[in-house]
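Across the two complexes that follow, chain A remains constant while its partner is chain B and subsequently chain C.
Moving on to the complex of A and B:
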């Protein structure tokens, strides 16, 4: 009986401490859970229009964290019209990212304008800022824990984030369902800049542990007004693997070979 | 030239081949993409239906089926590429290998760089699709104009050794055994000047016409910079006249020249600023010979930007040239004959606006060019619709015009306004 009482008290303390977590701490945990030294992903994106017609994109992407700055190389495999296009992004401290693209038809590397954050990524429902984690910071918004609830059978925090005035953001408000055990986002509601109308919704499925990192292997983003959605499936993922820095160079873009 | 091409074909067929994608990182059993085959075949097949909107050439209509095949072979140390372009109209004329083979090249990798050998195109300079320090592949304007300058380039046989300079630098050394000048239409609707009675150009596929070039490129901080040097010939041919006493064309000539160039692109606020600057030092440095071109300075500057909050992409570039020792006294002086309204300076602005809709499945592009010295203009509207991921429908227009000035190509092409409907399938 004493043991049960002790366990109950400990559980109560634990629950109290959890519920006492601020929105900022929760969202910082989400960011920290995604931090890796390197990662490699093989991704399939299926675009589904409101008639149910589908089209497929396939990319492979490598990410290297170098002194808290991210370098990303993306190789486009499908559709055939963009096959073997290579795209390099280098995050900089205090200035915009450097971006280069290699178009196989021209066999030429070209520096391009830093992509507009709200521009569509490959025609999908994801914007470039939705796809990237670089530059995301809890300092840029104010978070409030709205409630705790079960979502898809998982205990979750529901956190509202409102971007601070003066910060560059595509949305006016986010409401995020955060899994308490993995710190992954289970669902995100994206609102218009005035914060009143929900415009997109993201849902995560197939949450598994890979190389001691939690990952959602299926993510669906829907644009509510059009009913168009994009299903992002991670066919393969590897974390904290040794990656040749030569992949993240314009020489690799040009030749497809890492020195 | 044929012997060289056949030799390259034999070399290519003897290779062992590899894969693309990050095959060394991902487990091959999970990656089932067909592009992982050792031999990669892709390309496009389709047709264009072109309708000219004037009556000067009986409102000519052209139906042009075509196929473009790319065959890539890759191994650890070799890469070989064949690109064939077969057009329906080709079957009605006597074909040369050069009409069909767009690229036939070998790339061999070393620890310190790589060697390119064969028939291929290069693109030098930091401009967006257009350059003033890009002398290795002459343009072919005999069948008209394309919005893709690279498409209009003639593939050339060359050897190019590329040396790595750190992670973001490259030194390119190029040798070209043959020389070809810019190609223009001499009898058809794309003719700029009437060349009736002019002699045939001499054979330039001779050792005496070989050329060499080098280029150094590097990324330093926010700057992508480069410098180049070319030793060869100017791409425009000249004409030598004999006076009887009226001038009679007696010989097509080519001007020996060296080109010194620098290039840079860097982010200037929200857009990359692109620039090129060059100087042609010719054998007629003093401007004494009528049939040779004088020294010339060339430049390009421009930027491109994605308009914030939209999917509208805008690109604007200005390029031009200035001829030194320009002499307006003799009408058969090559520099004067090729000038616009007797100006030593030429300035052209080229601009493009592009926007995509419906998850990138539809795209509208409006490109235009304006030649200041002759009020020459060219407008190229394009609409493309990806009906499926690999099936594209396009409607393209071409509109030309300008002042009636001897060398103004856009005036000469004023009757060539056209609409082209195309359908192509990517595989």
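Moving on to the complex of A and C:
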């Protein structure tokens, strides 16, 4: 009897210590798991409207992490009308990102600044801020572990994040299902600014390990009101590969050649 | 028991105050609007105005309030988007490119100064929609989330009203407009009308009953019968989940007024029966009097009810759903009131006089005196019928001809705003928006292209710009046309500030087509090595720098002349300045256009221009989802036309202009559809006219058949319709005289007037027949004294009852009350004057061979 009691107490201590992992720690793990020195991705986006009609966009991105600040090159491949449009974002410490765009038809590089982060990315259900992994910090919101449960056959934490007052955020609340083994997000529910109505839902599938990094190769974002959804498929991905910094220059944007 | 059960169903009644409910779901316009909503989101916005009495809305303190309200609404439930002058985007040109920035960055004096400049700089987007030309009024446009409509609209509207109350001051007022507001106000008024109209009608009928019988039960019993009838119908509405519309609102009042006649008949026959007896009557004798009086009343009451119900039922031929329901409900209601009068009143009388009755109380000289007074009217009427018949006939023919000639002058239109009185806040607020901004009525044109991306075809975009100019110029009621053109022109201008028109690029510099993952290198293999030390610098421009420095006097005058010559004589100062600036591409001014000439941009084909425009959208597409259906390859675009007034006449001209323009300019495979609130009202007005014609003809037909069958003669049917024609003439003449619109309410009237008005003919013709059968050929006097009097009282009581509608909050319902009263008086007078003249003249065989 004593033995059983002891085992139970031990088990209890063990369980509490496990669940003692705070919401903040979990979300920090999610961010850390996505940190890479560099990456190259070939992405296809399929936009599906509520009638089932689809249109396709294809982009490739190169990301270089330079002293914890990221530089991103986005190259547009489809539709044909925007082929060769190139986009460079350079993250700055303590001030807004620098952004340049090269429009092939204009044959010129232009510096741009888009004030609106909630604008749609290429007409998809992802906003520019949904797409940007940079700048997201656990400091900006308050996280609570709601429960632990199996989601799509994976053990997961369900974490609620509420952006702190004064932080600039498009949503009032997020509920994230975090996979315990890979620290990838399996599902995210995005709520309106008042935190009451769910606006969008993200679901991750095809979770695989590439170059010792976990990645979800298919991510679906659905806007609930319109029924419009975007399926983002990572066709190819490379992590921690050597990347020529010459890519992340306006010279590359303009000439397509990294010196 | 049934009544109690029915009463429990009443709270289930669901009110829908929109006018859309009148339009069949499978109607083309409903389909178009659903399609537009699917592609571009809900179109109905609530517009909150911020109006200053002194100064402008651009003063810092007013701007702060606008900003606070905008933010409060942005952060609230049920709201999809909020747009105001403080949170709009501005496309700003910079030395190196362009930026999308908030038009007002903060409340510092510097930012406000900059903000004012930006408003002027892109005023074709801001002015009229968001701010008035004199800066006295600005609009905060609030789009509620779609899907839950009524409740969300109400919640959003309430919240806006609260905000308005919070910030209201001697200098600041907050007019509120938009279709959801009008709909909500109609809903509120329907409930308030329900609350007041029924008691008012009941009160008037109570007065009439009291004047007729001067006895408690004479008032109470018929009223109880009516109440039961009304409760049954309301119960049916609740039980069958029938939506309560502006049309159904009239059913209870109509039943009270029309149904009161049946109760009056039953009660008056009972009193007449009693007054013919003497001494004390025990229960059995009372019972037999009740039985006898019932026997004489059953047939005329049922026949009158049948024609009335028939007239109402003819509304099922209307193309408008709520009218059909109204027709069925009121017909069922009439039958219910009849049953209640014929069953309930006799039972109540038996209960009341279960201990017998003293007949002495019913023999009063006073009655005789009253009879004499009333008969004076009939003596006059008799003189007219006997001595002035030709004059009467001439006047009648003139009246009917005049009506037929004038009918086209009746204005058709269901402008929901006109449902409210000019003094109501709804109308006052809308007037403020119509006078200072571009109006609160919206018409949408959706253009569909055959292939994805075709909408960005430069040629089409140039037609779109032409369309804007054409529609604004040709239609006085159009205040503003919004299309994707303004944004594309703006980006084109900003991105080409350093471009030299017609500069031929060095094609060798063209960059290669890139694919990081292609087989020829990059990431297909892992042969990459990290290379060091590339400088991150902005490359030199391909094109030469734009000309800088001061112009000489001769250069300046040469440019002024050139600009004057190229732009013609009839241009405004703005156009001239723009033309002048574009000569030297000052701030990209010569690119403030839809790119149309490939050579100007260093291209050779239109396709290349289209690609250029598509690439612009990579920059800005997220903000255009209410105008184009795809951010890069749209195949649909929405044109929004803001209207100051939606009179049927102007709407028709506008629709014709839209049709003729696009039929001319759209190539094969392209199509356009016209929708939006203003179109909905236009379509509704056309449906109302059609409904009026169809239901009028079918009501006349139904009534003609019933009367013909009753007298077994088609001629009888025709003669019986004469007073009905007078009722209709009365309605239409008054509509023309007092400029009442033929709308979703007033158009119900004709069929109702036919159904009720024909009763008087039936009563008079029946009385003639009865008297002739008794051998009394010259029976006019007799008919007048008995049936004539009853018809007169009946008509007066119905007319007075309908006048209760004049306390309604809705203008058309008030008008309907007046028109109803007029039509009853016309029908009654025609039955008492014209009908006897015709019967005396024609001596038709259906009245009896001896005539």
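Just a few scattered comments:
Methods note: the second predicted complex is superposed on the first by the 241 of 259 C-alpha atoms of A that agree within 3 Å, B and C clash if a C-alpha of one lies under 4 Å from a C-alpha of the other, contacts with A are read in each partner's own complex, and residues count from 1 in each chain.
One rule holds in what follows: a residue touches a chain if its C-beta (ideal position, glycine included) is under 8 Å from a C-beta of that chain, and two chains touch if they have at least 3 such contacts.
Since the structure is predicted, the reported quantities are computational estimates derived from the model, not experimental observations.
Upon superposition of the two complexes on chain A, a steric clash is found between chain B and chain C. Touch criterion not met for A:48: it reaches neither chain B nor chain C. By the touch criterion defined above, A:36 lies against neither chain B nor chain C after alignment on the C-alpha atoms of chain A. In the superposition on chain A, A:95 makes contact with chain B only, not with chain C.
Judged by the touch definition given at the top, the superposed model places A:193 against chain C, while chain B stays out of reach. Partner contacting the larger number of chain A residues, of chain B and chain C: C.
Looking at the shared chain after the overlay, A:255 reaches both chain B and chain C.
By the document's definition of touching, both partners, chain B and chain C, reach A:81. In the three-chain superposition, chain C clashes with chain B only at 148-156, the remaining stretches of 4-12, 148-156 or 220-228 being clear.
The intersection of chain A residues touching chain B with those touching chain C, taken from the two complexes, comprises 40, 42, 47, 55, 60, 62, 75, 77, 79, 81, 83-84, 105-108, 110-116, 118-120, 122-123, 235-236, 238, 241, 243, 245-246, 249-251, 254-257, 259. Here chain A touches chain C in the complex through residues 40, 42, 47, 50-51, 55, 57, 60, 62, 75-77, 79, 81-87, 90, 100-116, 118-123, 127-128, 192-194, 196-197, 225-226, 235-236, 238, 241-246, 248-251, 253-259, going by the rule given at the top. Residues 40, 42, 47, 49, 55-56, 58, 60, 62, 75, 77-81, 83-84, 95-96, 98, 105-108, 110-116, 118-120, 122-125, 228, 235-236, 238, 241, 243, 245-247, 249-251, 254-257, 259 of chain A are the ones touching chain B in the complex.
The touching residues of chain B, when paired with chain A in their complex, are 20-22, 25-27, 30-31, 33, 35, 42, 107, 109, 111, 114, 120-123, 126, 128, 150, 164, 167-168, 170, 219, 222, 224, 265, 267, 270-272, 304-306, 308-311, 356, 359-361, 386, 388-390, 392, 426-427. The residues of chain C lying in touch with chain A in their complex are 38, 41, 74-77, 80, 89, 94, 96-102, 145-147, 452-453, 456, 495-496, 498-499, 505, 509-517, 523, 526, 528-539, 541-543, 601-603, 608-612, 614-616, 618-619, 621-623, 625, 630-633.
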